[in-house]
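For reference, the structures are reproduced in the following blocks.
Look at the two complexes coming up: chain A is in both, with chain B in one and chain C in the other.
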Partner chain A sequence: MRKLLSVIYYEYVMQLKRIATWGVLAASVVITLLDGFPSEKNLARIEFLLQPSYFIYRSLSFGALIATFGLMFLLSNRMAIDHKTGMKQLIMASPITKLQYIFGKLLGGFIYTYTVFSLFLALNTLVFYVSVPIDIALTDCLVPFSKALIINVLPVSIFISFISVALPAIVDVRLFYVLASVLFILNAASPDSADKMPFYLITSGDLKKLIWQHPKFPYINTDGIQANLLFLIGCGLISAVPLFLRRKLWRND
Partner chain B sequence: MYNIELRNISKCYKNGVVALDNISFNVKNGVFGLLGHNGAGKTTLLKALVTVLKPDSGSIKVCGYDLKSQGDEVRKRIGYLPQELSMYPSLSVFDFVNYMAQIKGVYDKNQVNIALQQVEMLEFSKRKIGQLSGGMKRRVGIAQALVGNPEILVLDEPTSGLDPEERVRFRGILSRFAKDDKTIILSTHIIEDVYQVCEELAVLRKGRLFYAGASADLINHVEGKIKVIKIDNENQLFDIQKQAVVISTTYASKGLTVRIVDKNMNFPGAESVSATLEDAYVYCMGGKNDA
Partner chain C sequence: MKQIKSELMILGINPILILAFLVVVFTLIAIFAGEMLNLSLIGFEVIFPFIAAIFIGEWGKIKADDNYDMIAAQGKSLISWVLYRSVTVFATVTFFVVLCMAIVFHIRSEIPLQEMILIYLSPAFMLSTLTVLCNLIFTHEHVSTLVCGMIWLLAMLSKSMLRYPMTEYIYLFIRYSGDRNGIWLINKSVIIAICAVIWTGICLVYGKKNR
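So, the complex of A and B:
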C-alpha cells in the first residue's frame, strides 16, 4: 500500500511542478473571466450572471473545456515517457507490482486533474464573489461550488485522467490526439449534437444542470444525467482495462 | 559461495537475433566486469539478471534465490542503473532518490541522505534533476541504485559519456561499496574501468561467453606476446596485419608505431612490452580490424 501511495504522491507532485500546469490553469481562468466576469457590459449581455450558480454553470461550459484539453495533453505521456527514458526498466527492477504501478499512475493523474479543476472553479468563484456588484452571501457561492466539485468535477476528472494516462500507453500518442480532435470537431461542428447527445460533452453534459437550471425549463432529465455520468465514469474505467491486460507492459513474473 | 549463478542462459528476440547463447558463469563478492562490443549481449544479460527480461532458457540464482520463482526476493536485493536513464527533470535530487527508495520499500529518509553522501551529491539534494550536469545525473543514478544498501549492484555502462575526473570519482564509489562484502556487476566497453576495479570479468562476443575468470588470467593469455614495432608507412602495416593481431596504431611525424600480439612469434626482433587488459581484450575480440 505504501508503494502505491508513493507512486500516487510523486506522480501528483511531478505534474503540479510543471509550469505548463499553471499555464493551462491561468489560461482557462482568464478565458472564463473574459466571458463571464460580472462587469457592466457582461451583466447587460448575460441574463443570469448575477447568480453565482449560473456563473459556475457557465464556467463549466467554456473555460473548463480549455482546461480539459490542456490537462489531456499534459497527462498523455505519463506512461509513455517512462518507457522512453528508461524509468520503466528501473521501476520494473524494483519490488513493485504491475497493479501498484498502473494504479499509482492513474490515481496520481486523477488527483492532479481534480486539483486543477478545483483550483479553476475556486479562482473563478472567488473573483466573481469579490467583483459582483450586489451583496451576495458567501454560502450562495459555496453551495454551487461544492455541488460542482462533487457532481461535475469528480466524474470529469475520472474521465480525463484515466483516458489520458491509459490510452496513450496502449495506442500511439499521436493517434490519441487525432481521436480527441475528431471528437471535439464532431461535437463543435454538429449544430444539434449538444441536444441529441449531451452525455458526451465532457464538462458540459446534463450533469451540469444539477448546478443551475433555466427558469423556463425547471425539470431534470434523469436519463440524460445518468447517461452523462455513465459515459464519463464508464469511459474512464474501460480505458484503463487494457493496461492491466497488456502483458508487454510489464515484466513476466 | 557465489552470489550470482548463471546457468545456460539463452535469449532469442522475435526478430531472430540471438542475444544470449548458453551463457554460464558465477560471480562472487567484489567488482565483476562484463565486457563486450556494442550488441554483444551485455545489456540483455543484465536485464535478465534484474528480472526485467525473461530468458528463453536457463536459470539464474541471486543470493541463493531463484530468479523465476522468487523474483521479488531478488529484486529486494538488487540496485540497478540502466544504460539509458533520463530521470524525472522536475523532481529534486532528494525527491527522486526518495521516490526510488520508497518503491524499493525503503522509507527511512536517512538512507536517502546516506546514498547521496556516498556519491557526493548531498549538497545538491535540493537541486532539480533537470539542472544537473551529465556527470551529476549519473551520480544520482548510482545513488538510487545504492539506496537501501543492496547486496548486489548492477550497473550498465555507468561511465559512458563521463569525463576522466568523474570516472575516477565513480571508481572510488564502486571500490568503497565493494569493500563491505557486496557484489557489483559493471558492464562497460571502457577497459580502463574494468582494469582499475575488477578482479574478475566475463567477455561476451556476439551473444556468446568468450571468457569468464580473473582479469590477471586473461592478461596471462597474451603475456610475452605483446610487441611494439616502428614502421615507415601504412603498406608495412598491412603486411603486419596479415601475420599478427594489431592492438593499436600510433601515427607520428615520422612513421607509425604498431602494438601487436605476436602469437606465432613472427617478429622476433620487435620490442617486447608487458601486456595490459586492453591488449588481452582486443586480442580476444579478434584484433583492431575486427573490433
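So, the complex of A and C:
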C-alpha cells in the first residue's frame, strides 16, 4: 500500500509542478470569464447570468471543455515518458508490482485531473461571487459548486485521466490525439438543448442539467443522465483494462 | 528532392497508416451518417485542418527533435530544414485529405471538390503555420499540438464572437459557422495573407541563424 501511495504521490506532484498545467488552467479560466464574466454587457446578453448555478452550468459547457482538452494532452505521455527517460527500468528494478505501477499512474492522474478541474471551477465561481453586481449569499454559490464537484467533475476526471494515461500506452499517441480530436470536435459542435443530449458529451452532457435547468423545461431526462454517466465512467474504466492485460508493459515476475 | 526523400523516410509508415485509417473512417461516416450532417464542411474545414496541425506538431518536430542539436550545428540556417520537414508532412496529409474529399464527394456530393479544397486549405495552412511556430519555440514534445489544439477548440467554441464587426474576416471556420454575409472567399484570402506574414517573419528570423 505504501508503495502504491508513493507512486500516486510522485505522479501527482510531478504533474502539478509542470508549468503547462498552470498554463492550461489559466487559459481556460480566462476564456471562461471572457464568455461569462458578469459584466454589464454580458448580463444584458446572457439571460440567466445572475444565477450562480447557471454560471457554473455555462462554465461546464465552455471553458471546461478546453481545460479537459489541455489536461488530456498533459496526461497522455505519463507512461511513455518513463520509458523514454529510462525511469521505467529503474522502477522495474525496484520491488514495485505491475498492479501498483498501473494503479499509481491511473490514480495519480485521476487525483491530478480532479484537483485542476476543481480549481478551474473554484476560481471561476470565486471571481463570479466577487464581481456579480447583486448581493448573493455564499451558499448560493457553494451549493451548485459542490454539486458540480460530485456530479460532473468526478466522472469527467475518471474519463479524462484513465483514457489519457491508459490508451497512449497501448496505441500510438498520435493516433490517440487524432481520435480524441474527433471526439472533442463533436463535443464542441453539439448545440446546447433542453432535449436529450448525445451520450458522448464530456463536460456538456445531460449530467450538467442536474446543476441548472431552464425554467421553461423543468424536467430531468433520466435516460440521458444515465447514458452520459455510463459513457464517462465506463469508457474510463474499460480503457484501463488493456494496460493490465498487456504483458510487454512489465517484467516477467 | 533528396531531402524530401529523407524526410519521407524519417516520417515512416505510422502516419500513413493513421491517415489511411482516417480515410476509411470518413468513408464509413459518409455512407452511414445520414443527411442531417454536412460532412464536407465539418470534415474538411474543421477536423482535417487540425489533423494536419497534429501531424506537423508530432512528426514535424523541430526543437523537440532528439537530433536537433546535431542538425542545428551542421548548417548555417534552420529555415531549409524547417521548410522541407513541414512541407513534406503537410503535403502527405493533404494528399490523403484530397483522396478523402474525392470519396466524400462521390458518395454525398454536398459541395464541389474544388470548393472543398479551398475551404480546407486556409484553416489547415493557418493551424499548421502556428504549429510550426510552436515547434520552433518549444523544446518539449506535444506542446505545439496542445497549443494549436486549444486554439482550434476555442475557435470552434467561440462562434458567438462573430457578432463583433470584422471578426468574420479572420474566423477560421467561416463556412461551418454559416457565412451569413457571403464573404468566405475574402475570409480565406485574409487568413492565407496572415499565414504569409507569419512565414515571412519565420524566414527573416531563422534565415540567418541555426538556433
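Here, the second predicted complex is superposed on the first by the 241 of 253 C-alpha atoms of A that agree within 3 Å, B and C clash if a C-alpha of one lies under 4 Å from a C-alpha of the other, contacts with A are read in each partner's own complex, and residues count from 1 in each chain.
To be clear about the criterion, a contact is a pair of C-beta atoms (placed from the backbone, for glycine too) under 8 Å apart; a residue touches a chain by one contact, two chains touch by 3 or more.
Keep in mind it's a predicted model, so treat the numbers as computed, not measured.
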Taking the superposition as given, does A:Leu126 touch the first partner, chain B, the second, chain C, both, or neither? neither
Output check: A:Ala26 vs chain B and chain C. Expected answer is one of first, second, both, neither. What do you get? neither
Please indicate which partner A:Leu175 is in contact with in the superposed arrangement: first for chain B, second for chain C, both, or neither. second
Where does A:Arg2 make contact in the superposed view: on chain B (first), on chain C (second), on both, or on neither? first
Touch test for A:Gly86: chain B only (first), chain C only (second), both, or neither? first
Check the residue A:Tyr10 against both partner chains and state whether it touches chain B (first), chain C (second), both, or neither. first
By the touch definition at the top of the document, which applies to A:Ile96: first (chain B), second (chain C), both, or neither? first
Contacts of chain A common to chain B and chain C in the A-superposed view none
Across the complex, what residues on chain A touch chain B? 2-3, 6-7, 10, 13-14, 17-18, 84-87, 89-96, 251-253
Any idea which chain A residues touch chain C in the complex? 20, 24, 27, 31, 35, 62, 65-66, 69-70, 73-74, 76-77, 172-175, 177-178, 181-182, 184-185, 188-189
Chain B - residues contacting chain A, complex: 47, 50-54, 71-72, 75-76, 78, 80-88, 90-91, 95, 99-100, 102-105, 107, 144, 154
Taking the complex as given, what residues does chain C use to touch chain A? 14-15, 18, 21-22, 42, 46-47, 50-51, 54-55, 58-59, 140-143, 145-146, 149-150, 152-154, 156-158, 160
